[in-house]
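Please find the structures below.
Each of the two complexes below includes chain A, the first together with chain B, the second together with chain C.
And now, the complex of A and B:
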């Protein structure tokens, strides 16, 4: 798994490429913590290159949501591929997180 | 299927048929209604036992020897050793054995006691060491479940072998069990037996559970309901995490709905206050709109993160606009609302609106601005992040003090499968004194009854019929305390006062009772296949005060809200203090009464006022009761395990 971070319109875009599983989850959590600490609590997880996510990966998303909200920001997910959508549905997490079509659109107008 | 399991099926079927035949006759034709006060309790107790027999027969119907896994072991593994206050040497003995497990893995000590000397010992041995993270400060700790949940976020193996501090693992434990997960991607749990080394043949405390870690688990396994027993089990991380996430979503949906409902009522009251300045009232009306819209959104399926984000932003804007108006009043109110009318019940894992607190809040007449602050605090407290919990995602169930049973039932309800692997792959230590043993049994029983009352398997969504029965069978068996009292009282009452609970001790009675009783015993013998089950039978009756206490305290906890404490079982031999008289006086009293009844009963026959057959039947019954209860005397006299040395053995 590979994580890259860049900023778009004041939001941190965290792009996750590859398989987001228990081994990668701590790194994603860390990337989110770092962005919050750097003063960008508005975070988009760009999943366009995410091949797979397991429940530990979802746990990292929820952990990230918690830390961004505590900093009065938000965590949003964008460009969700079918494989990830299936896991979101399976765990009902699609009832919590809205998917945005692209990282750029995630914080549009806000 | 082997001949033995065919025979078990035949015997199981026979004992159910004979049992129904007997108990139906008891209800329809032989209750002595003149002495209904003992006759009815007795026939109810017998019906209870019949249902127990039926559940046992259903369990045994699918008992089988499971073939070894076809696949080779694969995947990454963590070995997690949970400890709280056990001696360092004991934990290290387990940890060093865990290091020697042949399959590649990482070993971790999860020290809930956060002891510096434990950390030093772990480091010296090159074993991982985990304590609770800073997130847990001031939050519910959830005992062992919390300890494991904390470690789940700090490790990353695909499979987790969970060990209690005293359970020394065999080097082959992972090699033998991981294959099941590769065989079937839906297997979430492989449980192996618990076996105790500090127990001799006599086992006065009934520590070994060969019937449970054998035929019963094999039967449950046949129904895809092998139980998780807290230690010596391998779990699939992804399944546990999924459990945590599903639980998180459920909790969130519920908490947000509750918070919005409470917010709406608070705002209604504040708006009704005519003394408020117009700008404040306007703000409150605006917030009312926001809350209404949020409720509608949530109901129509808008993702919850969006709903809470919108409400939160609106409230922040409101407070910004209002800050100038009346800061002082708001501050005073904020102290008043420190106690929110919505509380999270950590054990129930649910949000509860405290109606009295909500009313009290209104009676205090918060200023309207205070109401805005209160709504803000309310939404804040119930935001997306479960601020009341250390971790938003809690994989191991926290609804019961026995986290294992609750967790396995959740896994089964989500469609995961479980396996019982019948081979001893870890050797542990049992309590060595009656006091500690009684505490442990009480905790198991209480936890089981908690699960029954909070998450009844007969009602739970997602379980198959067989799984429902397997969970229910274990819960049902813990109700035996009430039946035991009747079984002890009935012969005493007959021998002392000549009161008959049945119409007569006739051929009709024996012709129905004896075949039922005998086939039942034969079933037990065949099922046990040479293992000793007498201790288990004794304790299931002899601990009747414990079982009754478990039922009443669990009821008080779940229904009346009086919380139970989690007692960590001592693993280092004997607790201080003599025999626990306060816990065993009921058994001692029962034994005294039984003995007196026996003497009086025989005396009545000699002087000619007693009936011969009745006295004989009841004397045999009393002797059986005494034989069962006598285990308590043995347990009191037990001075702990003394390993025999080779020399001594040579002397024998």
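And now, the complex of A and C:
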């Protein structure tokens, strides 16, 4: 798994490429914590190159959602592939993690 | 290998998180060798294998340096995985596994594995044996 972070319109875009499992989940948690600590609590997880997610990856997303909201921000997911969407539905997390078509669109209307 | 298996993979190694990457790599090798397995069957079986492998590693990590074996197999009708370890037997009641609430940051793994499989067995004894089976919907 590979993580890259850049900023778009004041939001941190965290792009996750590859498989988001227990191996990489701690690095995603760290990237989110770093962005919040740097004063960017509005975070988009760009999943356009995310090949796979399991419960460890979901745990990192939920942890990130909580920490961004504590900092008056939000965590949103964008460009979600079908393999990820299926796991979100199986866990009912599609109700709490709102999906946006692209990282650029995620904070368009704030 | 069973006589009717189309392809199989075997992994053996220490109980640490590199095992999770290793089983995913092995699954990708399997799909390359049996490309007719559908995307849905691949994804859901990989999900279950990933969850159980993570669970095995998390239970087995410690001073005992447990060893894990994983056997993955595809036949015309079924996707099968068998994982063994020589760690302490895990105290898990699969009949009590339920999907946790939306706020939970952990505890979804075995619930997802059960949802993705037709059959999941955990056999504690001298270590642990996990048997995972998903009937191929494309078969």
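In this text, the second predicted complex is superposed on the first by the 110 of 110 C-alpha atoms of A that agree within 3 Å, B and C clash if a C-alpha of one lies under 4 Å from a C-alpha of the other, contacts with A are read in each partner's own complex, and residues count from 1 in each chain.
Here, a contact is a pair of C-beta atoms (placed from the backbone, for glycine too) under 8 Å apart; a residue touches a chain by one contact, two chains touch by 3 or more.
These figures come from a predicted structure and were not determined experimentally.
With the C-alpha superposition on chain A as described, chain C and chain B clash in the combined arrangement. In the superposed model, A:59 lies in contact with both chain B and chain C. Within the superposed three-chain model, A:22 lies in touch with chain B and with chain C [touch as defined at top]. Looking at the shared chain after the overlay, A:105 reaches neither chain B nor chain C. By the touch criterion defined above, A:38 lies against neither chain B nor chain C after alignment on the C-alpha atoms of chain A. Of the two partner chains placed by superposition, only chain C is touched by A:86; chain B is not. When both complexes are overlaid on chain A, the residue A:95 reaches chain B and chain C alike.
Note on the chain A alignment: of 3-11, 417-425, 525-533 or 561-569, the part of chain B that runs into chain C is 417-425.
When the two complexes are superposed on chain A, the residues of chain A that touch both chain B and chain C are 21-23, 54-56, 58-59, 62-63, 66, 90-93, 95-96. Across the complex, chain C is touched by residues 19, 21-23, 52, 54-56, 58-60, 62-63, 66, 83, 86-87, 90-93, 95-96 of chain A.
Interface of chain B with chain A (complex): residues 153, 155-158, 237-242, 244-246, 248-250, 252-253, 301-306, 309, 312, 316, 383-386, 392-393.
Looking at the complex, you find that chain A touches chain B at residues 21-23, 25-26, 54-56, 58-59, 62-63, 65-66, 69-70, 72, 74, 76, 90-98.
The part of chain C that touches chain A in the complex is made up of residues 17-18, 20-21, 24, 39, 43-44, 46-47, 50-51, 54, 57-58, 99, 102-109, 111-112, 115-116.
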